[in-house]
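This is the structure I want to talk about, given as structure tokens.
Think of it as A, B, C, D, E and F in the order they're written, each chain with its own count starting at 1.
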Amino acid sequence: MKRKHRRLAFVVVGMVLLGAAAALVLSAFEENLVFFYSPSDLAAKEIPEGRRFRVGGLVEEGSVKRLADGLTVEFVVTDLVEAVPVSYRGPLPDLFREGQGVIAEGVLTAGGVFRADGVLAKHDENYMPPEVAEALKKSGKWKGAQ
Amino acid sequence: MSAFWCIVRRDLRLALRRGGDSVNVMVFFVIAITLFPFGVGPESNILARIAPGVIWVAALLAAMLSLDRLFRDDYDDGSLELLTLAPLALEFTVLAKCLAHWLTTGLLLAAASPLLALMMNMDADGFAALLAAMLLGTPVLSLVGAIGAALTVSLRRGGVLISLLVLPLFIPVLIFGVGAVAAAVYGLAARPHLMVLGAMLLAALPLCPWAAAAALRLSVE
Amino acid sequence: MNDAPGNGLAAEGLACVRGGRTLFTGLDFAVPAGGALVLAGPNGSGKTSLLRIIAGLLEAAAGRLVWDGVGFDDDAEGYRARIAFVGHLDAVKPGLTVAENLAFWAGLYGGGRDVAAALESLGIGHLAGVPARFLSAGQRRRLALARIAALPAPLWLLDEPTVTLDEQSVRAVEALIAGHRAAGGAVVVATHAGIALPGAPTLRLGDAP
Amino acid sequence: MTTMHRFANPARFMRYSARILPWSGWSAAILIAVGLVWAVFFAPPDYQQGDSVRIMFVHVPSAWMALFVYTAMASASAVGLIWKHPLAHLAARSCAPIGACFTFVALATGSLWGKPMWGAWWVWDARLTSVLILFFLYLGYMALADAFDEPARGAKAAAILALVGFVNVPIIKFSVEWWNTLHQPSSIVKLGGPAIHVSMLVPLVIMALGFTAYFVTVLILRVRAEIVAAKLRVLQIAEVDRRAPAPADGAVSAD
Amino acid sequence: MSAFWCIVRRDLRLALRRGGDSVNVMVFFVIAITLFPFGVGPESNILARIAPGVIWVAALLAAMLSLDRLFRDDYDDGSLELLTLAPLALEFTVLAKCLAHWLTTGLLLAAASPLLALMMNMDADGFAALLAAMLLGTPVLSLVGAIGAALTVSLRRGGVLISLLVLPLFIPVLIFGVGAVAAAVYGLAARPHLMVLGAMLLAALPLCPWAAAAALRLSVE
Amino acid sequence: MNDAPGNGLAAEGLACVRGGRTLFTGLDFAVPAGGALVLAGPNGSGKTSLLRIIAGLLEAAAGRLVWDGVGFDDDAEGYRARIAFVGHLDAVKPGLTVAENLAFWAGLYGGGRDVAAALESLGIGHLAGVPARFLSAGQRRRLALARIAALPAPLWLLDEPTVTLDEQSVRAVEALIAGHRAAGGAVVVATHAGIALPGAPTLRLGDAP
């Protein structure tokens, strides 16, 4: 009997510890534990100059400009609330287009321009044939970007 | 519970008697870190950039190396099977051994880490976070590592196998440990990372001794 | 022999399979309080395996163990805590002194009996302060045997206890066992020869393959 | 008694599995063949990704299977540890190499797909990283199970590892929601129904079913092989015993 | 010399029999390297920059870990003292064991290194130099490590102590190994570095077995 | 006894100091070809230490060893190669089969004698193909003893060879030693009891401190 009670006490203590652990993790996730920052995060946080990080969002419609050297590209990354201008020199992934998800890696310069030295395309979870996409857009049921 | 402290005391005394042992872990830690300037080149900004990662990886490897001995000596000389017969529940025996292990390794690694960060040119803003993260993270390494040590104790070739088993489980500690330091260096909040490390510790405290004890029972069979 | 279920150790239909080979099956025996049992048999017949099964270190393929009327599986922890086991290995820490080695085990069992007296009873009292790494094979074995003298366990399981012991020490172990039995303890000893347990039945295990 | 229990089950398993085997084998072959042909020749290209989307029909089912097989392995391990069912241990052991293969295929096809889509073979985001850890866990499981001389002990030790490592599975599953990852969030199990058009979803499901049938087939084959190997061991030992010199005096044991 | 091959054959057979053993060294190597992206962060240009250093450091650590077992098994089961009595000079026994050790560890590490370099984003120009440097450097690690293994074999706590003894001796291999790769990546000649590595190997071949044999004689006393 | 310097092993004035304690000094003895010597004495008296000195594994504090007229220090390698030593440890690789274990040592000594016959002589011929990890304590000890039967060494040094052996195996070892002596070999055995060496003198080492 006594041993049984002791065992029960241990199980309870263990459960309490696990519960505390879960509570800690949950409250930690309210703050940011992210792979990349959104433009809103950048606006809210003081990110020091010269620090390398990643910024992710959608390429703003109509913002993509190719400079004369044919290699440098400038565009704006937006999360539809805030926006960050990005300049990048190098090859772009095939899926890079206006209105698509993108993650740029680099540093924020003094002028507020994000100078990227790597760009990854981030696509969303929608898959469909081109005709369907067209039809959706025509019928105005298009929910994704663009 | 006096049996618990009996084991802690014995393990601490053995560690002290053996003298160099925890010193050796420390020295491995220091040497592994000093290999990097040789390997990567002495450019201080690159070193500073990779410092938190290198320090944590070295701590992981040092902890892992010392783990092989956590139960092995007791297994080899037959003490372990007697410990499984003792009136103290094996889970607490494991906990006691982990505590002694942490006091003689993890604690020292944590204490030494700011110094090594200095050597690696790390930004001084990160020192406090590094120390805090190490203090929270190294006990997790001892506890999680105990599972791997218990699983491999009856195998002659445990030493390398243990790394295969526990290093993957160490990776979350590494990620959040480095995250805390990096955040502090860049002037962001280290707290969420430290909280996750704390949560890991709380979860490891009941779970790991339980799993390790099960593994030990199997090993002495 | 008194093998009422409420008294001492009893085994019913034990079987052991090691490495796919059946060592023994249908083994029944009883060791009353104050009694002793000698396990004999050629090399590889399963003496060590049987002792480890009794100690709860190895799982029997079949059968059950009863101790003072309580089945092993019903209270494994309580059962284990009442066993003192000396196997082929000595469980001696080279880094601790002889007395420290013994005091640890005594402390683990909540104080145990008198450490110095236990050492004395095996004739190594004068080595108490010597680091155990300086012991010879027989001295180390005696230290391992001193452990059972220091623990308050009613059931002793000894695997070839007299290996590497000299004449005089063998007599000391015999005296120790006699005292333990006189105090109501039980003993199971695996041995090839050389130890006298008055009135103890012998269980011969089958010949090795 | 226990010996009876130990050998009765495998015998029954051998009988039943022999009946299932042709069904699972043929359905795996047919489903995968149909799924592949459909995926390569008849499924439409994606409006964004074009033809690279066809990698999906291998990547997604194998990624699912990587998780599913680990879950199956951990469940079997739990059954083996709790109810001491020897067949469960055998099943868990047999799962590991299959799961490792699926994980490897998911990693490889993911990398192949990542280059055209993301612009990188490999990034260290939470999804990819946790899948890599899964791969290491599979390898660790196999190494541990093989490291013991007695298969039964190896199986138990590895079972503990499998259960400890199970924490990784929900992390893989939800990593795309907990963290901002480069990897896309879930397309199929999501609020508001699958975000994959039926013309792609049907071949995807066919492939997934085919992979599952393949898993069942290989699992049965491996468990059967393990049972046979165990029997062979017993026979070998009996052969050694038979050649032993005659016992000097009577044995206690009698079967 | 047939006794020499007798030992090589036995050690190879034991390594194969133990199955996973050299696989485990490989996996440690791979895992230790993959820890760095976690620790340092996933930026591909930083990773590429530190890749040669990380790969070499991981190879050093992997070799070191596996070294602990070079003589330990033989010591623990009493074979080692019998080997010192055997008619083959102990120096050749050491050489035979080093050869077997290298075949089952260093050779595999070398073979795997280009793949890991790929994972770490290293410039493809360095692959050939990396492979060549590994092929020349890893036998040196086995030979030099044998001295440390021999010195620590009679100590229970060898595992960590050995790192303290041999890692400093490994540093020259690290420097020239990384040097060769870095030179190739930057389009310079890797040959001078490789020649130094070759010279080390030639020097280690007679010296290390001799020192290790002396240490072993001392250990079995 | 024939103790002409040109024949067999002779020790002059051997002394041994371990851990700062002098175990014995001024020890003289001779073992002619075909002869045997039994080392006796209580635990810790220095039997193992003396055997290891004879084997060249431990350095004597004083004195010298002569073998067939040649001093140990004059040709240490040649001396060592003619010794077969069985210590407290068995030198058995669990991963190899019984036959492979033995074949390795035979190969190391340039072929040695017949491996199968050596196993047979200790009654473990039927285990030849079994991995050594499955052996019991006594079976493993027998494999260790089979090694001396397989090597072509004229001087055997055996440290408590019969530990964990059953009756039948002890008889086998005795027969083995008798055969070796008949063929002109010499044997030194440290033992507490249990092994009969006809006509062998006993060297009693002093009582342990």
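Basically, a residue touches a chain if its C-beta (ideal position, glycine included) is under 8 Å from a C-beta of that chain, and two chains touch if they have at least 3 such contacts.
No experiment lies behind these values; they were computed from the predicted model shown.
Please report the smallest number of touch steps linking subunit C to subunit F.
1
Can you give me the shortest step count from subunit C to subunit E, moving only between touching chains?
Counted as steps through touching chains, the separation is 2.
Could you tell me which pair, A-D or D-F, is linked by more C-beta pairs in contact?
The comparison resolves to A-D.
Please identify which chain has its centre, taken as the mean of its CA atoms, farthest from the centre of subunit E.
So the chain farthest away from subunit E turns out to be C.
As a quick test, compute the distance in whole Å between the mean CA positions of subunit B and subunit C.
37
Between subunit A and subunit B, what distance separates the C-alpha centroids? Give it in angstrom.
That pair's centroid distance is 33 Å.
Rounded to a whole Å, what is the gap between the Cα centroids of subunit B and subunit E?
For subunit B versus subunit E, the centre distance works out to 25 Å.
What parts of subunit D, by residue number, touch at least two of the other chains?
In subunit D, 120, 123, 125, 129, 136, 139, 143, 147, 149, 240, 244, 248 touch at least two other chains.
Tell me, which residues of subunit C touch at least two other chains?
Residues 19, 42, 77, 88, 208-209 of subunit C touch two or more partner chains.
What are the residues of subunit A that contact at least two other chains?
Residue numbers touching two or more other chains: 29, 33, 118.
Which part of subunit D faces subunit F closely enough to touch in the complex?
Going through subunit D, the ones touching subunit F are 149, 240, 243-245, 248.
Applying the document's contact rule, which stretches of subunit C touch subunit F when the two form their complex?
My answer: residues 18-19, 41-45, 48, 88, 126, 134-139, 141-142, 160, 163-169, 192-194, 208-209.
Within the complex, which stretch of subunit A touches subunit B?
Spelled out, the residues of subunit A in touch with subunit B are 10, 13-14, 17-18, 20-25, 27-29, 31-33, 45-48, 51, 53.
Which residues, counting only subunit D, touch subunit E once they are in their complex?
Touch residues, subunit D against subunit E: 120, 122-125, 129, 132, 136, 139, 143, 146-147.
Taking the touch rule as given, give the residues of subunit A at its contact with subunit D in the complex, in rising order.
Subunit A residues touching subunit D: 29, 33-36, 38, 56, 91-96, 100, 103, 118-134.
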